[in-house]
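One structure is given below, represented as C-alpha cells, and several questions about it will come after.
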Amino acid sequence: MSMDSDNLNLVDDLNTQEFTINMGPYHPSTHGVFRAVLTLDGEVIVKEENVLGYLHRGMDKIAETRTYSQFVPYTARLDYLASALNNMGYVQTVEKLMGIEVPERAEYLRVIIAELQRIASHYLMLGSTTNDVNAVTGFLYYMHDREKVLDLLEMVTGARLTSNYMRIGGVIDDLPEEFFPKVKEFLAYLPGRLEMMETLILGNEIFQERMKNVGVITAQMALDYGVTGPNLRAAGVRFDLRKVAPYSAYGKIDFEVPVLKNGDAFDRYQIRLMEIKQSLRIIEQAVQQLPEGPIMAKVPKLIKPPAGEVFHKMEGARGILGFHLVSDGGPKPYRLHIHGPSFVNIGIMPAIAPGMLLQDFLAAFATIDVDMGEVDR
Amino acid sequence: MDSNNNITSIWDFFQNPIIMNLLIGVVYFAAIAAFITVLVIILMWMDRRVAAFFQERLGPIKYGPQGLLQPVFDAVKMVSKGNITPRNVDKLVYNLAPMLIFMTTLLVYAALPYGKNLTVVNLNVGVLYLIAISSTATIAILMGGWGSNNKYSLIGGMRTVAMIISYEIPFAFSLLGIIMLTGSMNMTDIINAQKNVWFVFLQPLAFVVFMITAMAELNKSPFDLPEAESELVAGFITEYAGMKFGLVYLAEYANMFSMAAIAVTLFFGGWQGPLLPSWLWFLIKTLLMVFFIMWIRWTLPRIRIDKMMKLNWKVLIPLSILNIFLTGIGIKLYQYFTGMGGV
Amino acid sequence: MDNISVLIEKLNPSFDNALKLSDDGQAIYVPAECIVKLMDMLKNQYEYVMLADLSAVEYEDRYEVVYHVMKLTDAQDIRIKVALPLDAPTVPSIVDVWKAANVQEREAFDLMGIRFSGHPDLRRILCPDDFNGHPLRKSFNMKTVSRF
Amino acid sequence: MIGTGILKGMGITLKRFFSKKITQDYPDVMPVITPRSHGSLDFDAEKCITCGICANECPNSCIKLDTFKNEQGKKVLEKYSINLGYCLFCGLCVNACPKGALSFKTDFELACFSREGAIYTWKGKEPRPEETPAQPGDAKTAAGE
C-alpha cells in the first residue's frame, strides 16, 4: 500500500495488493489449533493453505508402545468430541482381528452410547457453527441440550467427554437403573428443542443468506477428496456405513439415512439436525429392544491377537473412521494407522476456499466440522 | 495590593462572559462524564443480565444486589491493568483513537433532551448535529484499525468505513421525514410536535430503516462486522488493552444509550408522558429501547459484508427515499383536506 | 474379501501378470510403477470410487504402502500393497487419481518417510518443518519420562 | 415474506427470556453427580495386596507403588501414589484391581497450584521399619488417610 502522497492523485497508481493473513492457530473460529494461511484480496480469499500439526501427539506411535487394551482410552482423545465412537471403532478393529463375538446386549449398549455421543458431537458442531455466525444465543441453547446428553453419558460411562466405556469384547458396565427414565425424558424433550432451533436458526433469513451457496462441495468433489460422513450425505450421496454395511446392532434397527442435495454450508448444517433426529430414533429402539444377557465376551486378560492385518471402518460422527491394524502376535500393536475423517475432510479446504469472502470461509470451515484432535492425532 | 481588591478582581475575572461560559462548559462536561459513567455501569450490568436471560442463564449475580456491582469490579480491573502499547504500532494514531472514539460519544450527549428544559445545548440544528457527530467516529475507528499495525484490525477498520459511510445515507434520509413533518431540526420542537401522536405511527417505514441503520452505526449484531469476534478476533480493538480498551468499551455502551435516546426522541415522543417527571419518562423509554436493541443483538446472526452493502444500497436507501416521497404526499394531502396553507 | 483372487485374474492381463496375491490372501501386491494405473482402473472401471485409507507399514526387510479402496454400493474394500525397499522407499503418487491422497501421502511421507514421486507438494504435514527423522519408523525411539 | 424468520426467532428468544434458567449456583450449591462419575481415584490401603497390576495396567504409567519387605519377608506397601495430573481417568486400574482397593469417587475439585500437588499419595498399612527420611511434605495426602 503505497502512501506516497505525490502519486495519490493518479488513479492508476491506486493499485491494490494482496496480503497474507494467518488465521490461527489461536483464533476464536478455527476450532482448536488449526492454522489457515489466507491470501486475501480485500476480503476475498485468493489462496488458502492448511497448516496442521499443532496438536500432533503421535497417536500411531503411542499405540505401538501400549498394549491393545491400554490404547482404548487414547482413542477417546483422538476425536475428543465423539470419544465413544472412536472407542467403538478401535475395539471393533481388535475384535475383528481376534475374531471375538461380542454379546448382543453389549452391541445394543454400544449403539446407545455411540448414538448419544453422535448427538453430542453434532450438537457441538451446530453450536459452534452458530457461534461462528455470531448467533451466540443459539450456541448456548445448543450447549444446554448437549449438557443433557453429556449427563446421560456420564451416568453410564462415568465420563462426560473422554469415556472409556467400550472394551475389547464388550462394554465395561451395564446401564444403571436410573438411566431408563432419564433417557425417556430426554427422548421426549429433544424433538421440541430441535424444532425450536430449526425455527430460530434455519428459519432466520440472515442465517440463510450466510449459509446458502457457500462452500459448495459437490458429490464428485466429495468423492474425489475423500470427504465422508454428513458432509458427503449433504452433497447427495446416500452413503452411511451404518446402513450400507451394518455393524454392531445397527442392522436390527430401523432408521433412515438423511440426504440433501446442494452440499453447501446450509445443507451441511441442516443434515446434522436431521441426523440427530435419526439418532433419537435409534436410541429409542435400542432401549426398547435391549436384550438380556452378558455384556462382555470371554476375553483373555492379556490380549494377544494372532499375527495379521485388519482394516476396519465405521461411521464416525464426522465420516468414515478407519483403523488399519497390523499385529505381529505380540501384546502390543505392531502398527496402527488411524484414518481420521477430519484429517481427510480438511484437505478439501484449499480447493473450495478461493473466491470466498473471509466470512464464508468460516461458515464453510465450521460446517465441514473438523476436530483438530482427529486431524493432528 | 490589598486583599479586598484582589477578591474583587477574581470576582471580576469570573464575571467575564468568556470565562463564565468556559466554567459552565466544564461543569456540563463533568456532569455528562459522570452521567455516562454511571449509565455505562448500569448498561453493562443490563447487557450482561439481559443477554444471560435470553440465553437461559442468570448472568452475574454474586456481587451486589442482583450482581449490580459486577461492572464496578470490571471497571476496577480494567483501570488497574497495564497500559500496553505493542511494538511497531503508530503510537500517536494508536493512542489517540480510543480517546477520539470516546470523544464523539461524549459530543452526542450534549444535544440530547433528557427532560423538559433539560438539555445541555438546545441546538437549532440538533438532528443535523447528531448525524454529523455520530459519523465522525468512523475516522477514529479507522485510526485505531490502521494504527494497531494488525491485519485483523485493519480489516475491521476498513469494514467500519465501508459500513458506516454507506449507512449514513439511509440514516439521514430516514430522519428527513420527521424534519419535513415538524419543519424543524430542533430536538425540543420535534418532541413537542409529538404531543398527540408519536412519529413512529406516522413514519413506520422511517422507523424500520432508522433502527436497521442505527444497529449498523452502533456496530451491534447483526452488523457488528468491524469487531466481528469470530472472524477478526476483535476487529479494530484487537490490539487494545487496559484502559484504552476500556474507553472503547465505554463508548460502545454509551453509544447504545445515545442511539436509543435519539430513537426515543425522534419516534417515541421523547420525555413526554403522563404523571411521572419528564426525565424519568425519558429514561424509561430509552432503557426499553436499549432492551430492544439488546434483544435484536442477542437473537440475530451476523450478516455478510457484501449482503450488508446490498441491503443498504438496494433496499434501505430506496426505502428511505420512498418514505420521503410518501411523507411529502401525505403532508400535501393533509394540507389539502384540512385546508391549511403551505409550509 | 473372497473375490480378491477373481479381481486379480481380471486385472492381471493389463499388468503383465505383475499383480500378486499376498500370503494371507487378503491383499494385492503391486509393483510400485503400476500403482497409478491400477488405481485408475479400480476407480474408473471397478467402482472402487473412494480411497478409504492410505497408510505405510515398516517391516524388517521392506516398507509397505497400504491402500484401501472402497465401493460405495456395499462398502467393500480391497487392500492394495506396494512393497518398497528400505533404502529408497519411493512410490508414484496417486494424487492424480484421488485428490484425497494429497494429505494422506503427505502424512505417510512425514511420519514414515515414504517418498511419493509426482506429488505436487510433498512437505511435512503434522510434524514441524524443521523436524528430524520420521517418527513412525521403528528406529525412531521415544524418550520415556517418569510421571513422578 | 422476508423478515418472518427473524420475527419468529425474536419471539423464541423472548419466550426464553422468561423461561426457567438453568444456571447452577456451583460453588455455593454443589451439583448432583451420578455415582459412576470418574471424579477422582480413591485408594483403600487395607485391601491392597501390593500386586502392582494397577501400575502395570495404567496406560500412562501414573501409578507408583513403593514397597518393602517386612520381617516375614512379605512385600508390604509403604506408599501408593497416583499422579492425577497424567491420569486419563480411564478406569483400567479400577477394573484390574483383584481386591477392589481402587475405586472412583465423585469428588471432582482437583485444582491445585503446582504439578506436585497433582500427585496423590496414600500411606500403606504398616510403616517401613527402619526410619527413612520422610518424603517431601508438598505432596498432598488425600482425605480419608
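Observations on the model:
Letters A, B, C and D mark the chains in the order given here, with residues in each chain numbered from 1 onward.
Note that a contact is a pair of C-beta atoms (placed from the backbone, for glycine too) under 8 Å apart; a residue touches a chain by one contact, two chains touch by 3 or more.
Quick caveat, the model's predicted, so the values are computed rather than measured.
Two chain pairs, A-C and A-D, are compared here, and A-C has more C-beta pairs in contact (counted per touch definition above). Centre to centre, using the average C-alpha position, chain A and chain C are separated by 25 Å.
Distance from the chain A centre to the chain D centre is 28 Å, each centre being the mean of its Cα atoms.
Put simply, the C-alpha centre of chain B and that of chain C have 63 angstrom between them.
In whole angstrom, the spacing between the mean C-alpha positions of chain C and chain D is 43.
In chain D, 6, 9, 12-13, 16, 22 are the positions where the chain touches two or more neighbouring chains simultaneously. Chain contacts: chain A has residues 137, 141, 144, 200-201, 204, 206 touching two or more partner chains.
For chain C, the set of residues that touch two or more other chains is empty. Contact between chains, using the touch rule, shows up for A-B, A-C, A-D, B-D, C-D.
Within the complex formed with chain C, the chain A residues making contact are 52-53, 56, 58, 60-61, 65, 223-228, 237, 239, 241, 244-245, 308-309, 311, 313, 320, 322, 324, 326, 334-335, 337, 339, 343-344, 346-348, 351, 376-377.
Of all the residues in chain A, the ones that touch chain D in their complex are 66, 69-74, 76-77, 137, 141, 144, 147, 151, 154-159, 162, 164, 172-173, 176, 178, 196, 199-201, 203-206, 208. For chain C in complex with chain A, the touching residues are 24, 26-27, 49-53, 55-58, 66, 68, 70, 72-77, 79, 98-100, 102-104, 107, 111, 124-128, 135-136, 140, 142. Residues 6, 9-10, 12-14, 16-17, 19-23 of chain D are the ones touching chain B in the complex.
Residues 50, 52-58, 295-296, 298-300 of chain B are the ones that touch chain D when the two sit in their complex.
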